[in-house]
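Two complexes, one shared chain (chain A), two partners (chain B, chain C).
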Partner chain A sequence: MQIDQKTMEQIISLVLKQIAGQTGGLADATAKNDNMSEHTFCEGYLPAKKSTNPKEVVIGVGPAFQSKIQHTINGLNLSEVLKNIKAGIEEEDMIPRVIKIQKTSDLCFMALEGAKLSGSGIGIGVQSKGTAVIHQKDLYPLSNLELFPQAPLMTLELYRAIGKNAAKYAKGEKVTPIMGKNDPMVRAKYQVKAALMHIKETEQINPDLPYIEWR
Partner chain B sequence: MKQSIRAKVLKERPVNQDGFINEWPEMGFIAMSGPYDPKPSVRIVNGCITELDGKKREEFDFIDQFIADHAIQISQAEASMQLTSLEIARKIVDINTSRKEVLKIVSGITPAKMSEVINYLNVVEMMMGMQKMRARKTPSIQAHITNLKDDPVQIAADAAEGALRGFREEETTVGVTRYAPFNAIALLIGSQAGRKGVLTQCAVEEATELELGIRGFTTYAETISVYGTEKVFIDGDDTPYSKAFLNAAYASRGLKTRFTSGAGSEVLMGAAEKKSMLYLEVRCLYVTKGAGSQGVQNGSVSCIGVAASVPAGIREVMGENLAAALLGLECASSNDQSFTNSDLRRSARTMLQFLPGTDFIFSGYAAEPNYDNLFAGSNFDAEDFDDYNVLQRDMQVDGGLRPVNDEEVIRVRRTAAKAIQAVFLYLGLPKITDEQVEAATYAHGSHDTESRDAAADLIAIEDMWKRGITGVDLVKALAESGFEELAESILNMLKQRVIGDYLQTSAILDETFKVCSGVNQPNDYAGPGTGYRLEGNRWEEIKAIPHIIDPDNF
Partner chain C sequence: MLIAGVDIGNSTTEVCIAQVKGEQRIEFLSSASRMTTGTKGTVENVAGIRAALEDAMLILHLPVSALQVIRINEATPVIGATAMETISETIITESSMIGHDPSTPAGFGQAAGTLLSIENLKEGKAATPYIVTATEEYTYEEIAGLLNQAEEKIDVVGLILQADEAVLVWNRLNKKIPVVDEVRYLKAIPENKRAAIEVAMAGQSIRMLSNPYGIATLFHLSGEETKQVTPIAKSLIGKRSAVIVQTPHGKVKETILPAGELYIRSDRIHTVPIDAGAEKIMEVMRSAGEIHDISGQEDTNIGRMLSQIKSGMGTLTGETNDMIEIKDILAVDTFASVPVSGALAGETCMEKAVGIAAMVKTRQLPMQRIAQELQNQLGVSVQVAGVEAVMATLGALTTPGTMLPIAILDLGGGSTDAAILDEAGKVTYIHQAGAGELVSMLIQTELGLKSRTTAELIKRHPLAKVESLFHMRLENGAMRFLNEPMEPKYFGSVILLQPEGFIKIEEDLPMEKIALVRREAKRKVFVTNTIRALSAIAKDNNLRNLSNIVLVGGSAEDYEIPEMLMEEFANYKIVCGRGNIRASEGPRNAVATGLVLSFLEEGIHRTAGGISADR
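The block that comes next holds the complex of A and B.
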C-alpha cells in the first residue's frame, strides 16, 4: 500500500512538473501581448461548471494558490492543506472538487462562488495565506457557516476537520462547529506578513479569467 | 561577529517580536505625508465642486464625487481654503479659538487639506486638539463582551460586570456567526443587570446586524465599514451610497449608528493606490460625514498591526482620531485591538486617547481575558482592570471605569446569569442549568465555565429567528419570570428607539435613561479651568481602589 502511494506521488509530481513546464512556456509566448505572465495561468485547465451532484463539496482557492504562493502564513504546504481538506470531505463519503477563483482575493466571495458551483451548495474558501471559511450558496456574502480568521493558528488537522464539517453540512446533518482558536498576539506577530501575502494574492486577480477546475 | 550579552537580552524583549517594516509608499506602507498624496485645492462653479484636491470633476472616482457633493460645506469652502494649513493647525491648539469656530473652518476644507493640517501637529498638540474638539463634555468607554464558546450565560455575566465597572456601551461578536441572536440577547439583558442605560451591539454581517437591531436585540450599531479607495469598496460589493442607505435604514428604526474605518485597511486589502494611511482615512471620515452618520469608530482599529509597523504609525492613529473630532463626528477611538507584545508599547499607545479623553477612549476594552476576546485580542483586557483604575487615580484622569468590590461583582453576575436562564426557559430555548449559572457567576473566562451543546443551541436559534421573537418578548419573559426591574430596563431601552434623542452626536444614556450627548452636554473646553474636570463624587469613586494600606493596621 505504502509503495503504491509513493509511486502515485512520484507520478503526480512528474505530471505536475510537466504542467508547470507547459505553463511557463505558454506564459512566455503570451507575455508579448499583455501582462498575462504576471497573472495566474489558466490555459490547460478546464473552466469550472456548476455541478448537480449533491455529494459534492467545492473548495474555492485564491488566485495565487499553488502558483505564486506555495505555503500558508505559518509555513504549511498548500498541497498538504488541500490534501487534508479533501481527506476530511472523503471521510464523510462526500466528493471534493477544487476550483480556482481568479476574480477575487476576498475569502468570503471565493467561498460563496465555490458554494454556488458546488452540487451540494456547500463551499470552502481558502486564501493562499491559509485563512478559511465554510460557506453556503444562499447566505449573504459576508456571512458564513464557520469562519477560521486567524491563519497563523491553522494546522493540517484543523483543515481536515473543516473538510469533515463542510461535508456534514452538505449531508444536512446536525453539526457541532469546530471550537475556535484565538491568539491575542497574532496581530502583533503576523499582520504585516498577512498584508504582504494578501497584496501578492491580490496582484494575481484577473477579472477576465474564468473559474477553473484546479488540481 | 561575537554578540554582546546585552544585545541578546534586548533581542529577547517582547517588543522585538512585533512586526516592523520600512516605509514603502508604493504599497501604502506610509503613515502620514505620503509622497503621492494630492495637494489641496477646490474649485466651485455655480455651487458645485468642479475640482477637488487636484482632480477635475470628470476624473473623480465615486469617493471624490460623494465627498464633493455631500461632505464639504460649499458656502464655507473658499474662505476656509484660503487659510493656510499651518494657520488652521494653530487654531486647533489655540485656547482662544473656540471649538465652534474650528468646526466651522474645518467644514469647508478638503480631505488633502485636512491631511496637511494634521501633519503639522505633533502628538502633544493632537492631544490638546482632542481635549478641545471631542464632541461630548464627559469622556466615556466601551467594552467588548465575547467568549470562545459563544456562551450566552458568560456573556450575560460579563456584560453585567462590565456595566458595573462603568462601560456605557458594550459590543459583542461571535465565533460562529449563527450564534449572533443568542449573543445579542444575552448582552442586552446582562448589561442592564449591571447598570441601567448601557447601549449594546452585536457586530456581525451587515444584513444580520440590521435585523438584530430591528428586532430590538441591540440598541446601536458600529460596524458600517468604509474605505479610502474605490477598489476596496468595490471588492466588498459596496459604495459610499450603499453605506449611506444602510445608515438611513438604522436611523429609520431609531437605532444609534456609527461608521468604522481606520489606517491600514486599504494596505491590508492590497489597494492603497500609493496614498498615505492618513490621507485615505481622512477620505473615509468625509464619506462618514457625507453619509449622515453621527460618528465613527476609528484609529486603525483591526488593522493596527499595519499602522504600528511603520514610522509615526501611532502618531497617525491619534491624528485620525482628531480628524474625526474636527469634522464634528463622535469618535470611538479604537484601543480595541492588541498590536504589540510589549506592555510598555501598548500602554503608551493608549495614553494618547486616555489623557485628553475621547467620546469613547476604547471602542472595545476586553471585559474578559484576552483569550476569550473574539476581536482577536484588545489592547487592554479584564486582567488590566486594576492597572487602569490606578492609572486614572495616578493622573486624576477620567477613563470611564471605577473600582468595584467582589461582592457587588458576584451579585450582578449571578442576577444576569439567572435572568438569561429564566428567559431561555420562558422562550423554550435549550435549558441553562444551575451549574452553568453558578460557573459563569464565579468565572474569569470560558476556561472556567460549563460548555453547552452548540449544535442544539444553533438549531434553537434558527427556530427562534423563524418564530419572530423580538425585544418585546424578552420584556414579557423577564416580567413574567420575576425580573420586573430588569424587564422595565429593557423596555426603557426599547423606548429610546421611539424617542430618538440618542441618535444625536455622541449620545450615551445615564442610569435614569437620560441622554447625555454632544448636543445637550457639549464639550466647552477653552483652556485651564474650563471643560470637564475630574472632581467631586466621581473623583472620590476613582480614588477608592481596593488594595490600599490601612495605617490603623500598623
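The block that comes next holds the complex of A and C.
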C-alpha cells in the first residue's frame, strides 16, 4: 500500500482530532474544562485495576486534584506534592502508582480505595487541599495508619516523609510515625478556605466514573 | 484460732490466713497480695498490709478483727541499687571515617578514589577514579543529571550524599556505582583526599572496610599502617555502608576512660580499677574473704553511686552513712551505645561498660514500728517473727516433691538470696547484690532504650512482630492469627505480649536482637549470681552437695529464668524448679506461709508475748 505525504497528513490530522476530542479537557484543563462534560473526563485514561505487585504503594488523589485545583491550601504545587510523595516511596525501593478516585472526596475512603487497588495493600490518600492519610486495605474506613489532618501545616518535606513511611509500612518494617504538627489557630484561619476547597472537590464527584491511572 | 502471715517485699506485700487446729495442725484458708506501699521497712507499708489483709479476709467473709495474731517478717535489711559506667570511648581525630546504617544506601560493592565535590565536577581529570560528594542543596535529579553528563569525561566510582536520596539518584544513574547517603556532616569531608566507600548487599554487612586487610588493599597500606587502621575496621563491623577517608594524620583511637577505683575492705583493703572489667572485679570479690565494706574513689561515677546508695539507706533507717556498709556487689560486663566523638554521620559505637549492682546492709529495719502501728490500727496482736530467709525456706518446703536438705533461691528485684535448710534443721543463708533491676539496666543500656520502664517490660514479656493486621510472628517462630484486626498503631512493629494486651516498642530494633540481649542479660545476672550464692553456703562450698533447689520470689515467676537455672543445675544433678507453695501458690507467698508454719513451732502459749495485746 502506498502512503504518500498527503494521506499521511490526513491520517495524522484525523488522529489528532480524535485525541483532542477525548483528552482536551485534560491537556489544558483550565482553558476548555468548563464546557467539557464531566462524564468524558476519564476518557484517555486507563481504568485502574488491582495490582498484584507487592512492591507497589498507591497514592489515591481527589476528584479535583490537578484538574480543578492546582495548589494545596497553603499554596504548594500539587505536582510538587505528588513528586515528593513518589520520591519518598522510591527511595525506600518501592514503586509508586497514582490513581484518581472520582467517586468520593472523603479522605479516608479515597485512601482506602487506593489501598485496596494497591499491590501491597498500602495506600496514601491526598485531598486536593493537601490533607493526607496513610491507609491499609484491611482497616476500617475511618481508621488509618497515619493521619495528617492539618493541611495548612504541610510542607514538601512532610510529603516526602509520608511517601517514605507508607513504603516502610508496605515493606512490613518498623515505622516511626512522623512527628505531627499542630497549630490551634489553623482552624480559625483556614476554615473558610478549607470549606470552599472541599466543596470544589466534592462538586467533581461522579460515582459513575471508574478509578483511573493518573499521570 | 485464725492467724495471718504477712511478708513485706520490695514490690509486693503478701499475706496468708490460716486456722490453727490444736498443737500440730494448720489449715490454710486464703491468701492475697498487694503492691507494697512506700519503701520496704517503713511505716507507710501499713496501708498495703491492711489492704492485703482485707482482701484475704473478704474471701472468708470475715472482718480483719476476727484475726487473733498477725505475724510479720523480720524483713532483711538489704537494699539494692544499680549503676553503669562506660570504660572505653572511640574518638575520631580529623574526619577519617564514616560508618553507619542508613536505611537505604544504594548499589553495592566497594570502590576507592579521590574525593571530589559535585560543584567541582568539571575539574576532574580523566583516568582518575573519583568519589563524588553532594550536599543536600542538590536535588536527586540534578545530581543524577550532572553525573550522567560527566560520565564520558571522568571516572566516578562512588557517591556520598547528604540527603536521604541514594536510591533516587541510583535509579537515575546510567553507570551504577555504590551510593552512601544520610551523611549529616558532609561538609567536614576534605576534598582531594583518597577515600574508600563500601555498600553491602541487602541483608548483609560490609566486608571490605571492616577488615584491616581490606582497607590495606584499597589504600595500598604497609604492614605498620595496617596496624593503625585496625580500630577503624573494628568500629565498622556490622554496618551496611561505610566511607573511610585517608587523611595523613587522621586517627581513630579507642581510649580507656579513667573510670575510678573500687575499694573492697575485708581484712585489708583491696583496690580494683573499674576498667579492669567485671571478671577481674568479681575475682577480687571472691578472693577477698568476708567483706566489711565497699567504697569507690571519690569524684568518680562509681564513688558517687556507692555513696548515694548509702545515704539513701541512711535516710530510711535514720542511721548515719558510716554505719551503713555495702556488703556485696555484682559486676557485669556490658556494652553501651555511645555517640562517637568527631563522627560525621552521627554514628554510635558499642563501647565497653561495666554494670554494677550493690547491696547495703544496715543494723535493722524499723519493723517494730510497723508492727506497733498495725496493732494500733487493727486492734489485733502483731508479732515480728523470724528471719526472712528461714521463713522462706519453711514456706518453700510446702512445695510438693521437696525434701531435706533443701536450698531456696529467692530471686527478687534488688537482691538474690539463697538459704539452705539441712536435715538437722540448721539454716544458712546469704544475701547477694544483683537481681531483676540489674537485668533491666543491662537491657536498657545494651539496646539503647530511652526509658527503664520499656526495659522492665521487655524483661517480663515475650516478643512478637506484627506482620499484618491479622497475624504476627512470635519470637519462637510460630505464627499467631487473630480474629479481629489489631489496632493500626501496632502495624509493622515489634510488640510485647502482655496478658492484658500488646505493648509497642517505639525503638527501631529487630525482634531477634531484643530477644538475644534480654536472654543474655538474664543469664549474666541470674545464672552467675545463683551459682555464686549457692557455692558460698553449700556444704564445703560444693554445689554437688545440694539435692533440691526451689525458686521463689518475683523473678521466679519469669517465663525463662527458671528454665535457664534448671538447665544450668541439671549439670550438677540437682533437682531445681519453680516453687509451688502449698501446691497452689506458685513461687509466691513462701515467706507468709513460713510465718504461719513457724507459729506452731514457737508454740501457741507464746501468743500473748510479742507485742503485748492491750485490748
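Rule of thumb we're sticking to: the second predicted complex is superposed on the first by the 177 of 215 C-alpha atoms of A that agree within 3 Å, B and C clash if a C-alpha of one lies under 4 Å from a C-alpha of the other, contacts with A are read in each partner's own complex, and residues count from 1 in each chain.
The criterion applied here is as follows: a residue touches a chain if its C-beta (ideal position, glycine included) is under 8 Å from a C-beta of that chain, and two chains touch if they have at least 3 such contacts.
Since we're looking at a predicted model, the values are computed, not measured.
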Superposition on chain A - do chain B and chain C clash or fit: clash
Contacts of A:D93 with chain B and chain C, given as first, second, both or neither: second
Which of chain B and chain C A:K168 touches, first, second, both or neither: second
Touched partner set for A:S105, first chain B, second chain C, both or neither: first
Touch count on chain A, higher of chain B and chain C: B
Partner chain(s) touched by A:S143 [first = chain B, second = chain C, both, neither]: both
Touching partner for A:T176 - first (chain B), second (chain C), both, neither: both
Partner chain(s) touched by A:L158 [first = chain B, second = chain C, both, neither]: neither
Segment of chain C intruding into chain B (one of 44-52, 494-502 or 566-574): 494-502
Footprint overlap on chain A, where chain B in one structure and chain C in the other make contact: 143-145, 174-176
Complex contacts: residues of chain B adjacent to chain A: 17-21, 27, 148-149, 175-178, 204-208, 235-237, 264, 267-271, 302-306, 309, 337-341, 370-374, 376-378, 381, 453-455, 458-459
Residue ranges of chain A in contact with chain B within the complex: 104-106, 109, 140-147, 149-150, 174-177, 179-180, 182-195, 198-199, 201-203
Footprint of chain C on chain A - complex, ascending: 87, 90-93, 136, 138-139, 143-145, 164, 168-169, 172-176
Chain A contact footprint on chain C (complex, rising order): 103-104, 140, 164-168, 171, 467-470, 485, 488, 491-494, 506, 508-509
